[in-house]
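Both complexes shown next keep chain A, but they swap its partner, so chain B is in the first and chain C is in the second.
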Partner chain A sequence: MIERAVGWLSQEKHSTYGLAVTRMILGLVVASQLVVNWDDRHYTWGDGAEWTAPVRDATSWPSFLGLFGRLDGRAFDALYLLTIVFGVLLMVGYRTRATAIVTLFLWMSLYVANPFVGSGGDAVLRMVLLYLCFTDAGLRWSVDARQRAERGEIRPYVPTWASATLHNLATILIIHQVVMVYVGSAFWKLQSERWMDGTAVYYPLQTDAYSPWHDWLQPLYANGLVIGGATYLAIVVQLFFPVLLIHRPTRLIALVLITGMHLGIGLFMGILYFSLVMIAVDMILVSDSSWLRIAAAVRARGRRPVPQPPSRV
Partner chain B sequence: MSRVTMRSAFISVAVTIAGLHLVAVTLAALPPNRYSDATASRTGYLEPYFAQNWRLFAPAPVAQDREVLFQGSYVGDDGTARRTAWVSWTGVELDLIRHRLVGGRAGYVTNKLYGPLSQRYRGLGLAQRAIADGTDETAPPSWSELRADLSAGGADPVRVRTYVLYEEAAARLGTEVLEARTGHELTAVRYRLRAHSVVPYAQRTGSEVERQAARPSPTQRESGWRVPTTGGARERDAVAAFDRRHR
Partner chain C sequence: MTSAAGDPLQGTGSGASGRTDRRGQDELEMQTTGAASSGHRPWQRALVVVLALVAVVHAAVLALWVSPSGPVRDAVGDRALAAWVNPYFAQQWSALVPNAQFADESFMVRAQVRDGAGGAITMSDWMDVTAVETDALRHDIDPARVHVAARRIATNLNGAMFGLNPRQRELVAASYTKEPIERLGDRLYSAGTDRQAAVRSYVTYDTMATRFASMYARARLDGTILKVQYRVGRRTVPAGADRPADALHDRDFRWFAFGFRRGFTASYEAQTAFERHAGA
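For the complex of A and B:
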């Protein structure tokens, strides 16, 4: 059994397509988020965030991450643009491992620049991005993969078994991380009366900060069935998430439900990037064979001839 | 050393490290329990990088609108102390969130500042709170004087230090916001924390007027007067530009 486990771990890289999708979404999250926040970048992370210095300087982050905090004006803008560029490079998978490391460094430097901006999505993003540096996330659907196909494999620096072992262990740690986010969250919820009586989802949806549409969607939020259903569904799916992953049909149900939950949170609560990060990580749980089937279906759809209007002759 | 041995050794070490890390993350992610308490010293390396301490939804979901407001004191033309109107900076930041599919990250800055300002204040003893609240509007203490006043009488130095750090940050933002908004040269600045619980669940189906009437009264706390504090010109300009865009 140990021999089989060692073989699984060191002979072949697993979840390569899922990791490619994770890489693409995380790159998109980094790049697009900075584009969206371009107008307010100086208040959020730059000169206008310097008032946070008394608190920021007292945190335990290492000083080498303080790059954004040390730059101002055009130098800050240049580094900000560079972070967007690296987000795009991560998304397309160009020199993936090096890009992932630089993106992680730039993202973390931005994160520590203002201690009042970080969110749960940022926390998951930084953890997963660190693990991603140990994986071969550029193996599929990437510029690297295309170049490899054109020029052939280059002799790797490290033995294949070492590379595969690190890749698979890092993938396990990513999956474990996301499972712990769900299970830990469910255990916290079980301690709360509002979650147990089925009303918890109602409260954040009434606040200005976590419900951008609450003045428009009040009739929806006032519906007890919607609130109760969403509250209990969140607990059940999160608590039993690891169990549901064991069998393929239940895994599919779990992924559909949890993705739906994240989309709901992202759209109705205005925290779309948190949701995208969680969806990105969940995509690793879709098997390689499923991703290949999806890709084949998309390709087939793309090749389908455009129906011509009937001849009038 | 043969290739097979090197491979086995590498895999053993990698699996051991990953396994121990996996256990540490598990213990740290779950709510406090006897096992995580017993191993806290060994899982400390997870801070701050692997910390998962967001509490937006659980155990108690957020159920209040939280607001940080600023007020300044200045000398009027007649030589007497005057006060500016309260400026809701949270209200300005919320412009980045309201009716937007993708909310701007700066929309949550004072929302996240609110919690530590409350917690650090509650961490002070009653005598220290009286000192923190009772500062003079016309002659607020310098930061070192405030620290010394709070530390007198053997107060916990760590609590005093962290309280003053957040006060200094809030005063600096407040000074820049009020200078940008009013143009007055301030002699003192303070903040107000206002929390307003949402409409109770039982009253959720009423009309807008009925629902607003059913909201519990807001609670608020005002800080003592603090010495105006400001950063460089770029910092002030960035805060002023943000105010112009979103007020």
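For the complex of A and C:
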């Protein structure tokens, strides 16, 4: 059995298409987040964030991540733009591994400059991005892959068995991370009265912070059936997520439900960024053969071959 | 479409059977390393096993970290888990669905201002910072991050206050205009020996809130900011069973006002960035 496991880990890189999709979405998330916050960049992470120093300094991040905190004015803007560029490079998969490492460094430097405006999405993103550096996320649907197809393979620095092992272990850790968040959160919910009586989803949908559409959708939020259904469905999907993954048909159901749940909370609770990060990770769970079928279907529908499948979900 | 995606790959693509379907690119990769792909040398196999074990231990620690407290988690201990998890892998279960959110929180600021040199000293009205943020969040699918700042200040101040004892809360509400804020910490420490960590956390947030309030007041008001005061409000969502008769927006906030704090003077650059964002 150990022999089989070692073989599975070290002979072949798994989930390569799913990781490509994860890579694209994460790159998009990094770039688009910075674009969205462009007008407020100095206030959020630059000089204007000076007031958060007492809280920032209470957490012990290594000092090499303090780059954004040390720069101001044009230098800050240049680094900010550079981070956007690297987000895009990650999305298209150019020199993917080096790009992933630099993107991680820049993104973390930005995060550390003001953790006070961070969110749950940042926590997942920084962990997944770290694991992604160990994977071969540029193997498919990337600029790297095109160049390899044209120029041929360059002799790798790291032997294939070691590279495959790191790739597969990192992939497992990413999947573990997301499954653990689901199951852990379901365990917590089961201990909460509000979740057990089917009203939990109602509360955030009443608040200013997590209900941007409150004024339009209040009739929906006041409906007990809608609230109860959403509450119980969230628990059931999260709790049984790993079990549903085992068989192909139930895996499809699990992915459709969980993606729907993320889109739901992302749009209705105004935390789309967090939802996109979670959806990006879930995409690894779609098998390579399914991705190829999807790609073939997209290609058949298109008038002419497109260089890359759309990176949106 | 790249040649990779163009190949009609049948089967699962995983396991030994998938290898017959591999495209030329991968075959090339296999050739470069040759023997390694079939039979591994013992040290290679051992290294793969060690790496896998490291991953398993790491995964187990993270799983324990997010799990509710129980016999296994308690046996390992919070401190041991935190040593590995913090700060990089720190995460909260509530990150997934903000179900802990069942209240509106509000942060208001006012300031005592002197009009010019030796001019009249006046007290400003309360400025509702969270109301501005709420407007910015409404109907926006992907809002800018700054709009969570004031509400987080309120949440953190509220949370920090829960850790203090009644005498300490009185001190927090009293005025310390003439003293730097660190002195408030000294007083809080001497008002209760059992809550050192809570006091430390409180002073951190109070210092931060004072800075924010001063910069905000200076951006919005003309004159010299002598002292600032802030208050945090909280109103809890009525029980789900009572909907929709008892709505949150019909409820009033319950306020806690902190004492006056000496105005903080930020650097020119910091204040400029603030004025761009919060300026009247």
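One rule holds for everything that comes next: the second predicted complex is superposed on the first by the 302 of 313 C-alpha atoms of A that agree within 3 Å, B and C clash if a C-alpha of one lies under 4 Å from a C-alpha of the other, contacts with A are read in each partner's own complex, and residues count from 1 in each chain.
Everything below uses one rule, namely that a residue touches a chain if its C-beta (ideal position, glycine included) is under 8 Å from a C-beta of that chain, and two chains touch if they have at least 3 such contacts.
Here the structure is a predicted model, which is why all the values come from computation and not from measurement.
Enquirer: Both complexes share chain A, so when I overlay them there, do chain B and chain C fit or clash?
Expert: clash
Enquirer: A:Arg155 in the overlay: touching chain B, chain C, both, or neither? Say first, second, both or neither.
Expert: second
Enquirer: Go through the superposed model and pick first if A:Arg251 touches only chain B, second if only chain C, both, or neither.
Expert: In the superposed model, A:Arg251 contacts neither chain B nor chain C.
Enquirer: Contact-wise, after the overlay, does A:Tyr43 reach chain B, chain C, both or neither (first, second, both, neither)?
Expert: Once the two structures are laid over each other on A, A:Tyr43 reaches both partners.
Enquirer: Is A:Met127 in contact with chain B, with chain C, with both, or with neither (first, second, both, neither)?
Expert: Both partners, chain B and chain C.
Enquirer: For the three-chain arrangement built by superposition, which of chain B and chain C touches the greater number of chain A residues?
Expert: With both complexes superposed on chain A, more residues of chain A are touched by C.
Enquirer: Does the superposition put A:Leu272 against chain B (first), chain C (second), both, or neither?
Expert: both
Enquirer: Contacts for A:Arg95 in the overlay, against chain B (first) and chain C (second): which applies, first, second, both or neither?
Expert: Touch status of A:Arg95: no partner.
Enquirer: Both chain B and chain C contact which residues of chain A?
Expert: Correct list for chain A: 6, 9-10, 36-37, 39-40, 42-44, 46-48, 50-55, 58-61, 72-73, 116-117, 119-120, 123, 126-127, 130, 159, 161-162, 165-166, 169, 172-173, 176-177, 180-181, 184-185, 187-189, 191-192, 194-195, 199-204, 206-210, 212-213, 218, 221-222, 267, 270-273.
Enquirer: What part of chain A is in contact with chain B in the complex they form?
Expert: Those residues of chain A that touch chain B are 6, 9-10, 33, 36-37, 39-40, 42-44, 46-55, 58-61, 72-73, 114, 116-117, 119-120, 123, 126-127, 130, 159, 161-162, 165-166, 169, 172-173, 176-177, 180-181, 183-185, 187-189, 191-192, 194-195, 199-204, 206-210, 212-213, 216, 218, 221-222, 267, 270-273.
Enquirer: Under the touch definition given earlier, write down the residues of chain B that touch chain A in their complex.
Expert: Residues 7-8, 10-11, 14-15, 18, 21-22, 25-26, 29-31, 47-52, 54-66, 94, 96-113, 116, 162, 165-166, 168-169, 172-173, 176, 198-199, 201, 204-205, 208, 231-232, 234-235, 237-239, 241-242, 245 of chain B touch chain A in their complex.
Enquirer: So in the complex, which bits of chain A are touching chain C?
Expert: 2, 5-12, 14, 32, 36-37, 39-40, 42-44, 46-48, 50-55, 58-61, 72-73, 116-117, 119-121, 123-124, 126-127, 130, 140-141, 145-146, 148-149, 152-153, 155-156, 159-162, 165-166, 169, 172-173, 176-177, 180-182, 184-185, 187-189, 191-192, 194-195, 197, 199-204, 206-210, 212-213, 215, 218, 221-222, 224, 227, 234, 238, 265, 267, 269-274, 278, 287-289, 292, 295-296, 299, 305-307, 309
Enquirer: Would you mind writing out the residues of chain C in touch with chain A in their complex?
Expert: Within the complex, chain C contacts chain A at residues 1-16, 18-19, 25, 28-30, 32-33, 36-37, 40, 44-45, 47-49, 51-52, 55, 58-59, 62-63, 66-68, 86-99, 101-105, 130, 134, 137-146, 148-149, 151-152, 156, 204-205, 207-208, 211-212, 215, 237, 239-241, 243-244, 247-248, 264, 266-267, 269-270, 272-274, 276-277.
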